[in-house]
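Order as written gives the chain letters A, B and C; numbering starts at 1 within each chain.
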Amino acid sequence: MATGTAIKPDRGPPASPPREWRRFKYPQSLYRWLGLLLALTFLSYSVVYLGIPLDRFINMFGRAGTLITDRYYPPDIEYVMDRDYLASVFDTIQMAYLGALFGILIALPLGWFGSHNMTPSLRFVYPVARFLTMGARAVHETIWAILFVTILGFGMMAGVLALTFFCTGFAGKLFAEEIEAIDVGPVEAIRATGASELSVMIFGVLPQVRVAFTGIAIYTWDVAFRAATVIGFFGAGGMGWYLKRNVLQIETTRVSAILLSIVAIVLVSEAVSAWARARVAKAK
Amino acid sequence: MTSATATADMVERIVAKRSKARITRSLIYFVLLALAAWCIKTTIIDDTDWERIGTLGAVLKSIGRFVDVDWGLAPNLWKPALETVMVATLGTLLGVITCVPAIWFGALNITPYAPVTYPIARLMMTLSRSIHEIVWALFFVAAVGLGALAGVLAIAVRSIGFIAKMSAEAIEDLDPKPVEAIRAVGGSEFQVFLYAIIPQVLPTVVGVIIFEWEINIRRSSVLGLVGAGGLGLVFFRQLNTFNHPGVTTVILAVLLLVLFGEIVSYYVRKAII
Amino acid sequence: MPILSIKDLRARYSASGPEILKGISFDVEHDDFFAIIGPSGAGKSTLIRCINRLVEPSSGQVILYDTDILLLGSRKLRRVRRGIGMIFQEFNLVDRMSVMDNVLSGRLGYVSNMTALFRLFSKADIGRALTILDRVGLSDQIDKRADELSGGQRQRVGIARALMQDPKLLLVDEPTSSLDPKISREVMGLIKEIATEFGVPVLCNIHDVQLAMEFCNKIIGLQDGVKMFDGPTSTMNKERLDEIYAMEVL
C-alpha cells in the first residue's frame, strides 16, 4: 500500500491546477447513458405493449373508492361465521402446518447437499440438489396446486403436496445459504479429532446454524400459511375455495368478508410467528 | 465441604440441567409429530376421494401425461414470456416509487413523528406482505378490470412490504460519521441526505430491489391465472384444453424465465456492491 | 482582538445527566495553534463539538468574530459552519465516494441543493480541489474510492475537505489516534504548515502530549470538564502535566 507522494512544503502561491478533471470518463459515461436510455425505452415500450390504460390508472383511486363502497361494503360477516367456512379455515391451518413441516424436513438434507462447502460430492450431488431446490422454488405455489389437483383431484392432499414442494424449495435455498455462511474453523477442528462425518455435522455445523434454521422454519411457516389461504381457489382445499365460488357468483359482499377473514387470520399468524421468533432469539 | 463433594455437586447439577433440556426438546418433537399425525389423518386420509384417485398405477399414468413436451408450443411462448417480464418490471418499479413514504416513516432514526408515523409504516409493510398476490390481483381486477394493469398493481403493492422493510433497516443501521462530517461542513439536511445517507444505503436498497424483481417474475408468471396476461394465461389455456405436454412446456418456460431473472440479479448485484 | 472567545461554556448530554463541561473560558488569536489535552473523558471531544454546535452546549457563549454562535438559527448556523473546517479522528469520509467527491463535499455549505443533487460543482471549485489535492500530496489518488486508501491518506483527504471550505478556523479532533507514529507526525506537520500558510487558527484535540508540545504554540489542559491549564507551550512542565492527568494514574 503506497503512502502517497511526499508532502511538498509549498511556500509560494499555488501553481495553476495540474490538469483537467471530469466526473464521467469515456467510455463508462457512454455505457451509463446507453443503459439508462435502454431502460427507459424498455419501460415505455412495456406500458404501450401491455396496453396499460394510464387514464384508468389515474382514475383508479376514485373508481376503486366508489366500487368498494357500493358493492363490497358492508362485508357479509355472517357468511364467514358459518360452520362450514370455519371448518375450512381450520383445514387451511392444518394444510399449512403439514406443508411447512414436510417441506422443512425434506429441505434439511436437500439444503445440506446443496451447500457448496458441506456437500458430499461437488460434481454430482451438489448440482442435482441445487437443481431440485431451484426447480421447486421457481414454480409458483399456485402452479403446484393446480398440477396436483389435476393429478390427484380436488382436496387437501393436492394442497398439502403442493405446499410441501413449495416449502422444500423455499427453505432448501435458505438452509443451503446458511450452511455456506458458517465458520469453517470449528468444523475443521472437530474433523481433526477424528470424529465421523455425522459427528462433524452435529458438533461443528449444527450449533452454528441452529438459531438461523429456527428462524427459517418460522419464516417458512409464514409463507406456507399465506399460500394455503389461496390454493383453495384452485381446488386444493381450504378457505380459498369459498373465495372462488363467491367471485364466480359475483357475491361481492361475501367476497369482501372472505378477504377480510384471510387478512385477519394471516395477521394473527404473523403475530404468533413474531412472538415465536422473539422467544427463540431470547432463548439462544 | 471438601472439593470432591463440591465437584460432585456441580456434576449432579449439570447432568440434571442437561437431561431437563433433553426432555423438553424431546417433548417438543413429540408434540410436533403427534400434531402432524393428527393433521394427516383429518386432512388427507379422511378428506381424499381415494376411489377417484384409484391405484398408484393410475396416478403414475396421470403424472406420465405431463412428462412429454409440446415443442410446437415453444415459439408461441416468447410473447407471453416478454409480457411476464414487463409486468414484473413495471410492478417492481411502481412498488419502489410507492414505498418511499413507507421507508421514510419506517426508519426509527428519520421518521418525522415516531408514535404515529412509525406504526403506520409498519402496518403498510405488514399488510403488503401478508396478503397473497393472488388476493391483491383479484382486488385490482375488481378495481381496474382485467388485464396487465391489475397485475402490475398487484405486484407493486406486494413488493412494498419487503423493499420498505429492508431499506428502513438499512437506514437504521447507518454509520453516523459521514453524517457528522457533512453537517460540520455546513451542509443542509438535504445535502446530508444526499452525500452521507444515500451512498451508504444505496447498495443495499438496489440489491433488495433486484432481489424482489426476481421474485416478482415468479409471481407475474401466475397472475395470468386471474386475467393479467403473460405465461399464466397460456398455462391456463393449455390446462383447459387438456394439452398436458403443453402445460409442461409452459412450466419449463417459467423455469427458464426465473433462471434468467436469477442470473441477471446475481450479476447486477455483484456490480453494485 | 481574538478570533474566537469561549465564555463559561457548559454542556451536558441529557437534562438529568452529569455536566461534561463545567464552565470553560478561553480566547483564540488568529495565529494560534491550540492543543487541547487531558485524560479520556475530560470533555475534549465535547468542547470541540460545542464550537460548531455538533453538540449543543447548555449555557455559555461561543463568540466567533463578534457573533455569539449559540444564538443563531439553523440557516445562519450553516453559514458559520461552512467557515469552520473540521478534521475528525476517524476521518468521517464517505467511503463509497471518490476522493474528489469527498473533497468537493467541503463546498456543500456554499452551493445550492440543486448543485448538490446533480454534483454540478463549478470549474473554479474543481480547480481549487485539484490544487488542494496537489498540496496534500494526493494528486494520483483522485478517483480512488475513499475506502481504498490507507489511514494516512484518508486523513489527508479529510484535511483537503476542510481546506475546500476556505475556513476561518480549523477544529481538529484527535487527528492522529487512528494513525501510526510516523504518519501521525506527517499529518500534524501538514496541518501546521497549512494553518500557517493560510493564516487560520487551529484548535486541536490531541492525546499525544509530545506531538502537542512539538507543534502547538498554546495548550489548554482539561480534566473532568474543568480547565486546568491555559497558556503558551513554553510554560508547560511536568508538574502541571501530572496535575492534568492525575486521574489517569489511578
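The rule is short, and it goes like this: a residue touches a chain if its C-beta (ideal position, glycine included) is under 8 Å from a C-beta of that chain, and two chains touch if they have at least 3 such contacts.
Only a predicted model underlies this, so the values are computations on that prediction, with no experimental measurement involved.
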Task: Contact-richer chain pair (by C-beta pairs counted) among A-C and A-B - done: A-B
TODO: Determine, using the mean of C-alpha atoms as each chain's centre, which chain is farthest from subunit A.
DONE: C
Open item on the list: Using Cα averages as centroids, what's the distance between subunit A and subunit C in whole Å?
Closed with: 49
Task: Intercentroid distance (Cα basis), subunit B paired with subunit A, Å - done: 3
Task: Per-residue multi-chain contacts in subunit A, two or more chains - done: none
Task: subunit A-facing residues of subunit C, complex - done: 100, 119, 126-127, 129-131, 134-142, 150, 152-153, 156, 183, 186, 189-190, 193, 197
Open item on the list: Going by the contact rule set out above, which residues of subunit B touch subunit C in the complex?
Closed with: 177-178, 180-188, 190-191, 194-196, 199-200, 203
Task: In the complex, subunit A residues that touch subunit B - done: 42-43, 46-47, 49-53, 56-57, 60, 63-64, 67, 72, 91, 94-95, 97-98, 101, 134-135, 137-140, 142-143, 146-147, 150-157, 159-160, 226-227, 229-230, 233-234, 237, 243, 247, 252, 255, 259, 262-263, 266-267, 270
- [ ] Spell out the part of subunit A that touches subunit C in their complex, as residue ranges.
- [x] 1-11, 14-15, 17-19, 21, 23
Task: Parts of subunit B lying in touch with subunit A, wherever the complex brings them together - done: 32, 35-36, 39-40, 42-44, 47-49, 52-53, 59, 62-63, 66, 82-83, 86-87, 89-90, 93, 126-127, 130-132, 134-135, 138-139, 142-145, 147-149, 152-153, 218-219, 221-222, 225, 229, 235, 239, 244, 247, 251, 254-255, 258-259, 262
